[in-house]
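Each structure below is given as structure tokens.
Heads up, the next two complexes both have chain A, just with different partners, chain B and then chain C.
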Partner chain A sequence: MTDQQAAATVAGQHAGGDDKGQGARASLRVVAVSIGPLIAALVIGGILLLAMGFNPVSYYGYVVQRAIFSPSGLEATLTRMGPLLLIAASLIVAFRAGIWNLGGDGQYLLAAVCVAATVPLTLNVLPIWANLLLGLLIGATVGAVWGLLPAILKAWQGINEIITTLMMSFLGVSLANVLVKLAFLDPATTTPQTRTLPVEARLPRLFDTSISSGLLIGLVAVIAVHLVMTRTSFGMRLRLVGANPRAAIHAGLSVSMLTIAVFAISAALAGLSGAVDILGTHGNVRADWNPAYSLTVVPLVFLARLNGFGSIAYVFLFSALTIGGESAARRIGVPSFFSLVIVAILLITLGLAEYLDKRHQERVRR
Partner chain B sequence: MALFTQAFIITLLLGAIAAGIPLLLAGLGEQLSEKAGVLNIGLEGMMLFGAYTGFLVAWASGSPSLGFLAGAGGGMVVASLMALLCVRLGLNQIVTGIALTLAAEGLTALLHFVQFSRTYPRLDGIAPLPIWPLSEIPFVGPVLFNTNAVFYLAIVLVAVFAWIYRQTHLGAALQAAGDKPAALDAAGVDVVRTRSMAVLVTGALAGLGGAYMSIAVAGVFVPFMSHGNGFIAIVLAMLARGRPLWVLGGALLFGGSLSLTTALQVAGVDMPTDVIQMLPFAMVMVVLLVAGRKAALPQALGESFVRGAR
Partner chain C sequence: MRVPIQAPAASVPAPTGTPVVALRGVTKRFPGVIANDNVTVEIRSGEVHVLLGENGAGKSTLVGMLAGLQQPDEGRIEIDGAPVSVTSPRQALAMGIGTVFQHSMLVPSLTVVDNFALGGPWWKRPDRTGIAARIVETAKRLGLRVDPYAHVNSLALGERQQVEILRALMRGSRCLILDEATAMLTPHEAIGLGELMRRLVAQGIAVIFITHKLNEAIAYGDRISVLRLGRNVGEIGPETLRGASDAENTERIIALMFGTSRTGEGSRREHTARVIGNTVLDVESLCSEAGRVPVRDVSFSVRSGEIFGIAGIDGNGQKELAEVLAGQSPRSAGSIRLMGREIGGASVGERRNGGLRYVTDDRLGEGTVGMFPVATNFLLKDIGAAPFWQRGIERPEQIRKQAERHVRDFDIRTPSTQTPVGKLSGGNIQKVLLARELTGAAQAVIFAKPTYGLDVNNIRATRKRISEAADAGKAVVLISTDLDELLELADRIAVIDRGSIRGIVDNGEGARDEIGRLMSAGDEK
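Up next is the complex of A and B:
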């Protein structure tokens, strides 16, 4: 809790600025505190690249060129943002309510597998739009169901949800593999994978581009979550539970019901993310496929201080890094794991910057 | 029943010990951290980094002992970052732990690729260190007293930690750092230093556990090879409620369910590996369902200590 409060005060200081007349300097500091760590992280990453014998300038140049300045790359970057934004929304709901749902990977993958197993079959009886709706519904439901056990254990037994969600996540990933290999196998191919949803039956593309409308679903979800958490009384109650459960009980709130509700929303959003990824991009699930988005997005939403709009910016950055990075892995030979390292370094540099900024402010005040 | 042949049982027991030692070491470390009030979610990353550095040194020098040392050192490198960010600067422990795990996953996979491309050089494994004459006892001897130095060290550590927690001032200080850090501070003991030290020792133990996986069990480093072991160790530490002996029991139990695959294969039962892989995690959930309510945790767990703050 103290960290969140500290982060909130720092954020407040940033937003409010200091006294009059210092506005320009204050906003300059905000820029320095948010851009500085990014540059530092890229420089440290560059040194790593150099140490491994790659040219950092050409690597970064290639990533940016591929992921943002080439039309197909930008479309891929924006398409990937859809599922990532849904994961971000899932995490923001939970974290703001003080619940550590770290099981997003299992919720995502199980939902993806169940969607991929169903929609190619129901396509024969349902029109395309109804089939897509069914897919989204299945994804959200499966995700929510997989979050149910940790929710119940947390709400009525007080069992730490970090552990239960992580365990359910590992379980879910393995179960998803078992389902692909044993139950939902496509009889028409020899590779272990589910049936494939035909391209024309997938989520519609935006305008004349190849950007999936999953991006819209993701944007709507993350903005809706942001508004609900900051502007509505329901969100206010959830944040109260997160900030001080004891006070919430005194205020007459049913903490266990709210806990269940948070878990249901969060896990359903993670499941929806899996559904959007299958319905929009992949069309099927191959055995042993696991993009593990959830744990990667955790640092991103924290970098954005659990702010929905900030998360959109960070998700865009990360999406570009991975799309560019995958392309660079094929062309330059830097493995795509490098983007993981950059995210981790970024979190560390941002933490350091925040700490230095706080120390600096304390010194100024004295 | 033909399943329970002697070969099956010995395979299962040896496997339980082999898979249990990394869990035991990491679990003992996590227990120490948690006692001091730091929820060390970066444990997985420390294990993985230790597995990598340990393997690398053992491979380059040809000496498994140097490898184990390097593994402990590698774990400490990650732990020192954790100590700096969470204990000293007071960043969120869960997020930092996840970030460090991601960093270790990315970095080790990257370094392994740069160095070995797509080849996986193997080590010879390590020589057993029989304790004569105990190793001559039938059945028990080959299982318990013909293993290696790391196993004996881990067992000794269980006793040492139990003694520290129960009998020493250090144990009391650790407990206070986790339950009432302000009281420890008032008693004149540096909370930040106590916690940092606990985290560093955790790193060394987790790194050693990781190195054991790569050097002694697998004989090879594969990216992402810790596969959730760090998280299982965290559960073990939580369920053991501060008692090292319980970590030992839990580690052997989970080690057994991890090694069931090989044991079943020896017995001629063919089960898909994915199903077997679910076993340890399913078991954690069952144990939590049955005993979870009693998993009491230190009061100030996960909260950073700022001197003078209310």
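Up next is the complex of A and C:
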């Protein structure tokens, strides 16, 4: 969008009235403000690739080809979205309620390990569907339990949850490793890992593809969270606590109970993410495995401004970048962490775009 | 990087009467509102120029444009007769316009010297002793005493303000803007500021003093410009101001501000026809340790149609008492009965459902959520209630309808019901609170300092609402630090001192003296 167009949109917005053309132009501006930074980030990333001695066009082309245009790649991209979307849902609940649950990695991994340790054993007793449900339940419960201590400390002692959740996350990751190496070790293998859930007992695949139904769980979770936060009285209470806790007390809300509820939901979703990843994709947990999804998804939900639908788009983009990036790492030699570099640049360009947009609006208003 | 102008401007007094800064035909619009409409003001050196107006009259916008925070849509700003555009606060400073905002702009954890050094170039080590010496020297010139090495958080609000004035002067300000400068000060500090303004103008500085208090305008101003609804409706020059008595000046200003001449007096106790009914709120030996000032052994009862005033100096347990009554903090002993039912252990929501309402004085801090729309703020205390939510699902149509009704009934000036409430003026935020608390099945209403910080028009409107609430048969508890307000509205007035009630006086002949006696009697203990 050119400057003039943007000016016209903004001017149109302030002229008042409620016509559809204005809404369309306003949404066009939103698109421009969201897509522009993405292109800028890819260009800057390309320059970095050039500096590293790689051809950016062939890198991007390869990533897109592998992650989106090849059937198996697209299936892998969509499958990975499942756990990422659940993490996004977990973060949106917490951040919208003004609570910084940064302990998702611990909640995720501990849940994953407990699920991986249990479901292969209960498989002999339970039908597959019940076994899967049990696994999801265990994941959510373990995640929620790991969020309990920071929740209590925050709710009744006012202790900063950023620090406590991060600390619990380190403890959770370490404990998960210890459990894999000592308690939940699969005696049948030499490498330290849990027992493996047979492929036929995992989450069903969608249609005739290899896409795990974890994707559906993730989509449902993130959309449900979005609707609950924006359209229901419960979501409104949480947002009130997040926006102004004193106003929440004044309005008669029990801030401590709501804080506990937010932690429980957020941590349970993180745990569910671990369960979905194990039940859908991995089947077991190897020692020292930690994908650290939670801290990676934090910038994504902020890029989406805590909007559930926006998060789906960003998670798809990120998932494609990582899947394609992993292939590219093997084929072209660009480190797979390069997808994180793109996300980081995107954060900066998006921040800049927002700043410029705001300044522009102010200038037009004058 | 600060432009290091050390122009001798501040030290060489310009002859009195030259306009240093002038606004010519300045207009500033915001979505849905004209904040300033063709305003022309000339600021002369050696004069305290008062900009007087109610909340929302456009004073802050005018200051914002002079301080470089906003730019005019039309008209121009002139400095020494030459048109300029002030695009940033730094540029305003470079042009000699210094602003002291209502809320302190100092870093509390740093010393005075370090605060002064903050504007300096980042690559240079600040010359602490040099700055300190200049602070002491400048302070002496103005008859102030400032310890340059004191931490700002150890200073009183008045002292912090003096430090900010010093800082503005040391950066070469010839025109000093004091925005609602007395709002945060104790009466004693305010008088000190008035004297300081006189000394500043004696040195040839031009002072712009923004206020909505008439008495301060008359006491400290050389020239008064009255703003009303964004327009400059009149100016009173020094000759007129000095030639007339304070009462005449007050009369003249009020005529400018409202087009009529009436102060609040003469309107007291006009509610003769009110029917006082049965006891609604009955408080007995109530104690609480929750707040900063413990509430001790408070007993009173309020009947339907009655206004029960609580007088006292601010910070003597009024806030704590209100919060215990509303259920926001726990009681340690005693009982609260509403319509004969014990509610001392009930939650905030249960008390509200029972008909107890609380209009807080902390309108933005706890009364509303600034970034939520007006429509949502009407419902903060009824989240989940029908018809606005059905089985927990929001019904936007119902919420919008109620909001439009409230905006109409309570004359709330807002561009739309979706405007964030924090963008409204103080008076309109108060109307949002009143709309929320006075509608529905209210039985007893607690007002905490309901007119605090409002302008004359909104004070009048709010007091009318309070009377109407009592006329409609509600039991009203009116906590106020304004004795005149209580004498005008209340039927009985209690005096609170350090968390306990000193006595209760029937409002009538001699009530003022009796209350004064009770207030001072507290010291005998």
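Here is the rule we go by: the second predicted complex is superposed on the first by the 338 of 366 C-alpha atoms of A that agree within 3 Å, B and C clash if a C-alpha of one lies under 4 Å from a C-alpha of the other, contacts with A are read in each partner's own complex, and residues count from 1 in each chain.
Assume a contact is a pair of C-beta atoms (placed from the backbone, for glycine too) under 8 Å apart; a residue touches a chain by one contact, two chains touch by 3 or more.
Keep in mind that this is a model prediction, so the values were computed, not measured.
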| item | value |
| --- | --- |
| Combined model on chain A where chain B meets chain C, clash or fit | clash |
| First (chain B), second (chain C), both or neither touched by A:348 | first |
| Contacts of A:153 with chain B and chain C, given as first, second, both or neither | first |
| Greater chain A contact set [chain C / chain B] | B |
| First (chain B), second (chain C), both or neither touched by A:110 | neither |
| Contacts of A:244 with chain B and chain C, given as first, second, both or neither | second |
| Partner chain(s) touched by A:231 [first = chain B, second = chain C, both, neither] | second |
| Partner chain in contact with A:252 - chain B first, chain C second, else both or neither | second |
| First, second, both or neither for A:201, with chain B first and chain C second | neither |
| Among 165-173, 201-209 or 237-245 on chain B, the segment whose C-alpha atoms clash with chain C after superposition | 165-173 |
| Chain A residues touching chain C - in the complex, by the definition given at the top | 14, 16, 231-234, 236-237, 240, 243-244, 246-247, 249-253, 365-366 |
| Of chain B, residues touching chain A in the complex | 39, 41, 81, 85, 89-92, 94-96, 98-103, 105-107, 109-111, 113-114, 223, 228, 231, 234-235, 238, 272, 274-275, 277-278, 281-282, 284-285, 288-289, 292-293, 295, 297, 303-304, 306, 309 |
| Footprint of chain A on chain C - complex, ascending | 30-32, 70-71, 73, 327-328, 347-349, 352, 358, 360, 362, 365-372, 376, 380-381, 383-384, 389, 392-394 |
| Contact set on chain A toward chain B in their complex | 1-4, 6, 48, 52-53, 100, 102, 149, 153, 157-160, 162-164, 166-168, 170-171, 174-175, 177-178, 181-182, 295-296, 298-299, 302, 334-335, 337-341, 343-345, 347-348, 351-352, 355 |
